[in-house]
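Before we start, here is the structure in question, set down as structure tokens.
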């Protein structure tokens, strides 16, 4: 009987049926353009005049420019500030919400409203909230006797403001993933959550966390990939004076492609960025075997 | 059988006949597309009026409008023009004109104007027509021009009992007045003229600081005159008469002026309609100078796509839009910048509208205009200069260092 | 198992007062956190209802006084909000349906079928997530031009009908289902499609609900792509239309916030509906477990 099942597994026809729509779209609308942009890295093009072959000049130019390295450092600053904050806070909230809370739907909705809003809306809101004079944040800080900094107008506090806004927006997103993961954990494991202190921690550490690991892995990878590509909120929230403290890599790409008409440079920059993201994801995938528990 | 066949043929013929007028009408109407940034969102109705007038005078041509916000306009235009496609007529400002002319996508209008019996070059303001030429060929028709002047809040001047700004003021005069007008406890500031690219090159002209050498092979931004100019600009905040961005706290300068908290504001004539309902009396004056006066000359033009399949119709629209009396009148009435025409009656209409009362200053400013320094890699140059200026504002660089950096960066862009 | 459960319930009784304290702290924390999430939005709505002259004030207030619908009126005058709304809705619904369908099918192939090159192809999916989207826009636009799809609904919808992210998400979800369930069905002679539809898919309702919300959201809020590809006024989607206010009216915060409120409401509705399926799915899986 098992043999019959095995043969089923391998029937290529079935694979194609399930895979084809998605793969076809991927190849045509994503992979194709991506390969085109890979080719573009060896040229310079403004979309109108003919392509001009420049070989590896684009890459040489990028690595020699101060802007690239500062954009890279700003991007890394964002990633390192954002990822731990959003993952830990989201996990914490998910754990809280998983306690058979009454009104779960309401709480979850509260956390999710920032998630469904567009980055444009959230960035504008953030820009306004972090306004040193009229904004909510400094007003709230003032209520507890703290003088808030100049946030987006200060080279030191501009990126933190952007990070905080991003965390605020995305907490619900990651939390929902954790919550779905927690709630897929079979019922009998969850009963034990009513235990007291020490046992609860052990239960969390040795049962919940491992069972949650596929979700954690997914959330971590998606968040890492997305945070390296941060753009919208930085672009909208940065103020003229502090732009040099916050410009990120995708911003550089967009500038070169859309403002300067240097598509070759833009393509080269995106492939450098891709290399970073790829390396990090590879590391994650390798580590996956160590800490992610699949069935 | 025969009758049925006969009836079928008759019906078919009748049907065909019904379509023939439609075919003929279709063949007669040429549709051209016009892409613009200045029309939306405030002037779409005015543009529609002009198109209606145009169609009355030119039966058989229809104009389809496409709009985009300025921030996205040139990106979209670039992608549109890719592969020889794109709108038949499109708007360009002067900075981008040079870039697009270099891409060979602009139709040389000389052949069109030669054939056009109504063509009169003198109808256009000479300077405006000139800057949209290259190597003697006309690539764009100037649509409008605007300039930047000094707007001032008369009520604040009255309250401080000082004289209104005069036409021959220098920046030292302005700063002195601003000091008396600034009252930080009330959140009132004396002056606003920020350190940014457009303001910088204008003040540079006021202070004999040259952007490029004559051959445009090298930038001269690190000269002592330029350092003086930058220092003058930085002195506004240093003397405490101009708010820093942090002081403004996200409030824009136009809001500051409109709420009566800014005494002197360097900004464009396009603010006239926005400030029409300001709850205080205000007027304009020439901008103060350093060793001489200099004012901006911003001009927009419309160009015809070199690959347009309807070049004749496109040209006709461009011509109408930029120089017909009907279109010009609509434009003036709507305060949609100024038509670049020499017709004195239009000027008279413009002068009649108040506020401000001293609209003559706008035309006086034209005696001391400087065009924008433009190179092929324009966007990059503007960004690089702005970045260097930012470093001077933040104190990270001294003015000298900032200008050295700017010179280095611009020189790199001049190499091709 | 039963004796274990009994032990647990007695443990609960002993600690009843502690449990109550813990529950109180729990609700307090959650409410405070929810407050942090919600207050800016209340402020957003309140700003949208504020009159022009009161928008900029040193003390932000949550209740506008006097309140006015003026900003919404102005928005309606300046832009064709209704048409843009319909466009956005049409595109978002089709895109979401497509994404959920194609992603779940592909995820099944990756998680539940063994075939040569499977991991390589999956890696390919992951790789596309790592390339910044902005860079594919121009080549993709040129492709649309080749097909003649510029300024058509095809261009707005077709490229969005599949999602590498969705495939990844659902693959992880499928992987958590125990194999025994399917193997039993196989032995009974069910085909892949039946198992997919009847057995596996219902078990990942939370995942599906999540993807539905994210897909809808992604499509609804998309700006850069529709900007390039939907130029005619009749084809504008909401974000592109609202962004037209950006430069000039940027700091008319009440106007900007009114636009923001209009953008958010539909997705909230979608979320609220998906949430129900969410909850139902969770309850069902609880029973099965």
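Going in written order, the chains are labelled A, B and C, and every chain counts its residues from 1.
FYI, a contact is a pair of C-beta atoms (placed from the backbone, for glycine too) under 8 Å apart; a residue touches a chain by one contact, two chains touch by 3 or more.
Since the structure is predicted, the reported quantities are computational estimates derived from the model, not experimental observations.
S.K.: Out of A-C and A-B, which chain pair has the most contact pairs?
M.R.: Counting C-beta pairs in contact, A-C comes out ahead.
S.K.: Look at all chain centres (mean of CA atoms) and spot the one farthest from the centre of subunit C.
M.R.: Between subunit C and the rest, the longest centre separation is with B.
S.K.: Indicate the whole-number Å distance between the mean C-alpha point of subunit A and the mean C-alpha point of subunit B.
M.R.: Subunit A and subunit B have C-alpha centres separated by 39 Å.
S.K.: Would you mind pulling out the distance in Å between where the CA atoms of subunit A average out and where those of subunit C do?
M.R.: Taking the mean C-alpha position of each chain, the two centres sit 15 Å apart.
S.K.: Two or more other chains touching the same residue: where does that happen in subunit C?
M.R.: Within subunit C, the residues that touch at least two other chains are 56, 138, 243.
S.K.: Hunt down the residues of subunit B that sit against at least two other chains at once, touch-wise.
M.R.: Counting only residues that touch two or more other chains, subunit B contributes 79, 82, 250-251.
S.K.: Taking each residue of subunit A in turn, which ones touch at least two of the other chains?
M.R.: 47, 128, 133-135
S.K.: Would you mind writing out the residues of subunit A in touch with subunit B in their complex?
M.R.: Per the touch definition, subunit A meets subunit B at residues 46-49, 127-128, 131-135, 150, 153-155, 239-241, 243-244, 255, 258-261.
S.K.: Which of the residues in subunit B end up touching subunit C in this complex?
M.R.: The contact residues of subunit B facing subunit C are 40-42, 66-72, 76, 79, 82-83, 85, 250-252, 255.
S.K.: How about subunit B: which of its residues touch subunit A in the complex?
M.R.: 74-75, 78-79, 81-82, 99, 103-105, 196, 244-246, 249-251, 377, 379-380, 383, 386-387, 390-391, 393-394
S.K.: Which residues of subunit A touch subunit C in their complex?
M.R.: Going through subunit A, the ones touching subunit C are 1, 4-5, 8-12, 14-15, 17-19, 21-26, 28-34, 36-37, 40, 47, 93, 96-97, 99, 101, 105-121, 124-125, 128-129, 133-136, 139, 168, 171-173, 176-177, 180-181, 183-184, 186-188, 191-192, 194-196, 214-215, 217-218, 221-222, 225, 229, 231, 250, 253-254, 257, 263, 266-267, 270-271, 273-274, 277-278, 281, 294-295.
S.K.: What residues of subunit C sit close enough to touch subunit B in their complex?
M.R.: 56, 78-79, 138, 141-142, 145, 227-228, 231-233, 243-248, 250-251
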